[in-house]
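Paired with chain B in one complex and with chain C in the other, chain A is shared by the two complexes that follow.
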Partner chain A sequence: MNKRSAVAFAAAGAALSLGLSACGGGGGETTPADGSSGAPAAAEAFNAGLEAVFNPSDKKGGVLKMAISEDWDSVDPGDTYYALSWNLIRIYGRSLVTYTPAPGAEGRKLSPDLAESLGESSDDGKTWTYKLRAGLKFEDGTPITSKDVKYAVLRSMDKETLVNGPTYFNDWLDLPKDFKSVYKTPDVNTDSAIETPDDQTIVFHLKKAYAGFDNFAALPGTIPVPKDKDTGVKYREKVIASGPYKFDKVEPGKQYTLVRNEHWDPATDPIRKALPDSYEISLGVNADDLDNRVLAGDLHIDLAGSGVQPAALGRVLGDPALKARADNPTGARTWYTSIMSNVPPLDNVDCRRAIIFAADRVGLQNAYGGEFAGGDIATGLMPPSIGGWKKLDLYPTGTGDVEKAKEALTACGKPEGFETVMAYRADRPKEKAIAESLQQSLGKAGIKLDLKGYPTGDYFALYAGKPDFVKKNGIGLATNGWGADWNDGFGFMSQIVDSRTIRESGGNYNLSITDKEIDAKIDEALLETDVAKRDAIWGEIDQRVMEQAYVLPSVWSKSVLVRPQGATNVFVTGAFDMYDYLNLGLE
Partner chain B sequence: MVTYIIRRLVGALLMLVIVSMVTFSIFFVIPRIAGATAEDFASRYMGRSADAEMIAVTAEKLGFNDPIPVQYGRWISGVFVGSEFDTGASIEECPAPCFGYSFIRRQPVWPDLVDRIPVTLSLAVGASVIWLIGGVATGVLSALRKGTIFDRAAMSIALAGVSLPIFFTGIVSLVVFSYGLGITAPGGSFTPFLENPAQWAYSLLLPWITLAFLYAASYARLTRAGMLETMSEDYIRTARAKGMRESKVVVKHGLRAALTPILTIFGLDLGLLLGGAVLTESTFSLKGIGDYAVQAIVTNDLPKIMGVTMVAALFVVLASLIVDLLYAVVDPRVRLG
Partner chain C sequence: MTAPLDAPGKTAEVPPEAVLAGAGVKAIQGRSLGQIAWMRLKRDKVALAGAGVVVLLIITAISAPLIVDVFGHPPNEFHQEMIDTSTMTPKGGTGISGDFLFGVEPVNGRDLFSRVVYGARISLLIAVLATLLSVVIGTAMGVMAGYFGGWVDTLISRTMDVFLAFPLLVFAMALVGVLGQFEQNLGVTGDTLRIGLLIFVIGFFNWPYIGRIIRGQTLSLREREFVDAARSLGARGPYILFREILPNLIAPILIYATLLIPTNVLFEAALSFLGVGIQAPTATWGGMLSQAVKFYNVPHFMFFPGMAIFITVLAFNLFGDGLRDALDPKTSR
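Up next, the complex of A and B:
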């Protein structure tokens, strides 16, 4: 009797909760302040924020509430690598140039921020000069000079103190040999790398020419840091703002509050609207609860920007009213499987092609979460949001073509198939699903896979990314994935297709593409000053990667985002493939 | 009575020492047996970018090459007098009580814990009061009305409470009561008691009730069983025959005898909860010790994990001690025996 009634209670409870939550969303909605402009409410529609600004407005005021279920590396501009951080940081920091706050592809274009204009290159692209605007001030009123930008860049290069963050400046600036870090060798003259001839001018000298240096100038590393306020790794507890907002409450792991920076001069800042009065950011919020709060209107933004959890996904896609509030951007991220061209018999291009022919592409898409939450079936390595992308049509994208696979196997001298090992990250269920799907689909063509899982933490350092481990263990396939550091060919491809990035000691993300033609094209792209031509070269590199079957791409990742209730200027930026956090406002 | 208290206190202290040794062994001795070297420990602390030379130097500076008892001694003394960590790049201070220094977060463990203990304390104590009173009252009433609809309904609801996982009831309660009806606070709200007692209670109301719902079941059933047993004893009939008020019979003679097992469970439950109500804190986004423990594990931050383990153990031992002392109050046979 007890058990039955218990089951009945549970079922009733579940049904009740589902019913109530489906009609929920009424509580906690922000009511517009009186005296609003009377503009008609924007019509909600699926993907309305993808290519256009949803609910545009210039109305100031209100508290923008953001939350995230985990945490990110740091709020210190010299010590952060998360896309969400690079997006958010522009509220309290200004870099030399930054991404234009506009929806879609426009958002990938760079606009000058601290600088008056984009960089001027000289010395055939090895020297880059920027002139700062006049009237720039930190939150305490002290003027921002080129020395502050130089110091910020130099300090961000100390990877022992500030361990996070990209290493582009380390790799490209022409530094003197005796310079170790601003903390250890503060007196070494670094003018060979960065010069500040006057307070408004900063000049960068590179070891090798790079026509796209503006992408480096957009990095948070160029957000100015006053030297006398720099406390090294503790700077994250009191970041000095150069943007329209400054930190008020800083409780790492718990919450951040930002309020207006009175010393930010809107006349020096053509791209920021600075609409909310303050920001409240809560950390460590339960992920499912976070989604419920966004849906109910209690929170505005899920800072992670990577999409709703599976629990909410079903609700959002299934309920037309909620789906109308959703945007489904494609991220600059590809999930793929590396085909090791240095492990026999995959050193033969036809054997590699056989793998792609035999693979069940739909199964791979499902393994990652299907059409909306997983992504689109990838026809190439480069995702569509990267400039220069071309739709390739080299292989079928169905459930596997055993006939074509067998043809390719015959061409490479293995008509009966062959055996090889597939590596994947053991604690990622999606990658396990990929491996199992490939084992099944490839098996139909006679290619036998021995699946081996390895821990994520050391996957690139010790296993799939270590060349002699791969050779010794005959690993022919390895799951992989890559997101762009910024959305152009260099920002996406440079670390994963250039053979010169491969280190014998391990830690490689390019698991085995050693192709001289690709390397030559990369060098060409680095020197090409015309953006469209440069992008086209990266498109050609993508084509060669696929023609030579170096990778089997699974999906270009997509995420399902939900637009906030009561917010204005909501749109997905092509720079980060999540909502642009720069100009959000409140109704 | 006094000797009893002293005996229990000494026992508790001994337990704490043993727990510290076991914790230390788990993190520093067992890996050694499995083949870890001093450099392995140092590289855990240092992050990815360090090279082999730096790691070896750091291993020496952090004392991983010293004998195990010396390392243990250093760690324990750190709890009482504080300690310093020489990472090679800098010397980091860790004032007393030093439960460890997190290299990933670059700060001592204790200040974080101090911030979070009140949250877990508020959650655990508040919920425990509700479940104790609610559970025991329900159990008593069920026992007195054995076999009635009330009894059956109460026990069924209790069963539901103990069967439904808190990450289900929690999320559903939030959706229904906080976001749907708007009568309770949303997830992630917490106001310290000293700041605003009324807001503190309001922000914790839903977590308290949800957590209490989970525990009240065992208390209701235990109390019911215990009451049924004691109420059928002869001395109860005698008391009634003597003309004693029914309420006095039930409480002073019936319930008191049935309390001992309830107290035992209560001590254990409360102690464990104080060590970190991981699921509840995670579901309601409360920044307590349990949430801290989860963060520490996910980021593989050894000093934090050790610090939380020690603090949690401290609470469990303390709770058992208090319960043992309460036995002496409730059950005269204990204090005299």
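Up next, the complex of A and C:
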């Protein structure tokens, strides 16, 4: 939700809160939709792994080889905010609940993991109780207790030591004022936030009610960490496993190998199959080389899960045999351009509308990579996989409607057009292409754009996300993008449409939306306990954003993934919109 | 921009004093130094070919709008109908046709021919002006250091050492990146600012190379008989500097200027490649190369700007080499 997910290459953690309430308070039973339990098996074809399990099997053994072109923030469960990491972490760590290993939307539903069941709420949603399963053990054989979970959650909140990761627990738990962090104030009593009445029970107390708390319990922060083994930021070098695999070799920046954890008991774990004997994860592999190796079959998984590079894209989509090995999932992520409503003449809604009318929407789609690698042309800010989404049809989605744009310009009092500045992240070729495309299409309606590239690292902190810089430089448009931490309106929208999140000091992700009506609706949605009604409110907010033309959406992102050769149980999970790393096996 | 081409003509205007210095040559051939140089240059077919290409490039750069009007499309115009929207590569692999001579760019289908032609403008403009800046500073500093000697020489020489020790590419990247963010304060924006910045950075940090050579030449010239003669006749510093020494430095200045231009073409390409050069959507050769890296499955995208850089650098180098052979009397042929 905050910084990391905006910059992470595919940070789109997701869980459907609709689904959650459906199984909320339900028993510990889940039906993993894998091959053995009779889910449909798929033949080799394009998108075969989207809605069904490809090549289901229970065969054990083999080495699963994964690679990534860079590195991700950390393997420490309390210090990570990448979707790929939240996906992978489940092979060595178990959180209270987790996403069901199943294809498509089913994968967004939550299943109990360490806990016997999903959370039980009391006190009108302000108190959440989980009971741990019996017989859980760490990799060294010591039993896992609720105190280990509590310690893990508290340590994950120290964002000065463990800088990565979400801050939901910090924002929602009812912590005593004198508590700073487990490292600075280890003796402060934190029972007002988390209670552990016995070794099997953990109780969370929130400041205000939140019906979607199971989404928090699914965060990697609830993966237990033994207090006596915690070394702060160095814990990432020796993570203590609670899942079926443990770290064998750890060479930061180069590679990880994981082997079986003999203290993991399959009887305590209904969702994991634990098929391969070991995992080999190489870091810093050249991205194009990586694609070629996956295509050739000597590597199984591109861990990043964000799709193939442009060079391999041509090969995959051009060759029917390779295309049959590809999947094309849609993520809970929107790429868009913020239209600054406080920079004249864009303070006039008609001038903002003129921009959306004039924009070549197909050109924007192409700039992000076209219909397969880029995504579907977005008609609203909220992506379709978010609860409450409805199809909006306020603007044409063709190659730009100059006449309508001119009408809007006349209504705005600028019939001849105007000039403004467009900011983009200079080291992102796709955003550069967006800026170039808009410069062309808006130019036809008389809107002249001056393009300015800014460095990605400080884009939000010092440039487009800093209100006085935007005003001083007359920046009217700025490229932007956002991915959900989980698939409900709160998980996607709250950070990017609420005007009260805008800080003068910079670092804002909401660049353009300051609308009292939207703020009021957000408050309404937070208080609404009925899921369907709550989702509907988020849908209304999306509509208001588009009516007022605060953003020009480009695409709901899609990616082209290549199924590994020789691997079993391959499917795209709706939770992360990449292959589910939990139950992959080898033929 | 045409300075290097006037080279033979300008050398012919070398004042009589300078010709007197080369009296031995005159006695045998009965020709001026410029005439000799021109004769030598004419015999050097490779250098002439280089010069021909350079002239062609300059004409191309100047008349880019005309050429593109006839043979291409506006350089920033999108032609998405030329793109296969599933792979974002040009239809038919490259899109080369009578309409698009060099094919089209992936993703947005811009005419590669027009962009290469317009790229020549930026590359040559920056390279030539940056060279001019280097030459002016370098000559002034070199002459002062060589002529005055003493503490002036020490100061200038050490300054040159400091400049030569700079990690130029890294420093230029930082400087262009930082200064580019202060547009309102500098009073210029967009391409003008970027081009100005690049010229300044490339030119200002390259002067010691030419400065050292000029200093060495001046050191040997100021001890020569014709300078002594002028001094004994009562000539003062400025007169000796401008009338006796500077004219004799024209040959090395021309040679090193010609050889510095291709270096600067490459330097500008490197900066654009690294993303600190001219901003989108203005076409530059280095910028196109840097985009093309991500599309190695569309080789023509890299080939044409790459060839343009290659041909430009080669032509200037061949011409510069020929010019040196022709102007430098010490070269044995």
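Simple rule for what comes next: the second predicted complex is superposed on the first by the 536 of 587 C-alpha atoms of A that agree within 3 Å, B and C clash if a C-alpha of one lies under 4 Å from a C-alpha of the other, contacts with A are read in each partner's own complex, and residues count from 1 in each chain.
Convention: a residue touches a chain if its C-beta (ideal position, glycine included) is under 8 Å from a C-beta of that chain, and two chains touch if they have at least 3 such contacts.
Keep in mind that this is a model prediction, so the values were computed, not measured.
Trainee: In the overlay, answer first, second, both or neither for which of chain B and chain C A:163 touches.
Mentor: first
Trainee: Taking the superposition as given, does A:317 touch the first partner, chain B, the second, chain C, both, or neither?
Mentor: Second partner only, chain C.
Trainee: State whether A:428 touches chain B only (first), chain C only (second), both chains, or neither.
Mentor: neither
Trainee: Mind working out whether A:286 is in touch with chain B, chain C, both or neither, as first, second, both or neither?
Mentor: Only chain B; A:286 stays clear of chain C.
Trainee: Is A:371 touching anything from chain B or chain C once the two structures are fitted on A? First, second, both or neither.
Mentor: A:371 contacts chain C only, not chain B.
Trainee: Just chain B (first), just chain C (second), both, or neither: which does A:309 touch?
Mentor: Touch status of A:309: second partner only.
Trainee: Look at A:544 in the shared chain and tell me whether it touches chain B only, chain C only, both, or neither; answer first, second, both or neither.
Mentor: Neither partner.
Trainee: In the superposed view, which residues of chain A touch chain B and also chain C?
Mentor: 288
Trainee: Can you list the chain B residues touching chain A in their complex?
Mentor: Interface residues on the chain B side: 47-50, 54, 89-90, 105-106, 112, 115, 152, 155-157, 159-160, 163-164, 171-172, 174-176, 178-182, 186-188, 282-285, 287, 291, 295, 298, 300.
Trainee: Can you list the residues on chain A that touch chain B in the complex?
Mentor: Its residues touching chain B are 1-3, 5-6, 9-10, 13-14, 16-17, 20-21, 24-28, 67, 70-71, 159-161, 163, 232-234, 252-254, 282, 284-286, 288-290, 292-293, 295-296, 298, 457, 461.
Trainee: Using the touch rule from the top, collect the residues of chain A that touch chain C in their complex.
Mentor: 288, 309-315, 317-318, 360, 362-363, 365-367, 369-373, 399, 426-427, 429, 432-433, 435-437, 439-440, 450-455, 472-473
Trainee: Can you list the chain C residues touching chain A in their complex?
Mentor: Checking each residue of chain C against chain A gives 76-78, 80, 83, 85-89, 106-108, 177, 181, 183-184, 189-190, 275, 279-281, 291, 294-298.
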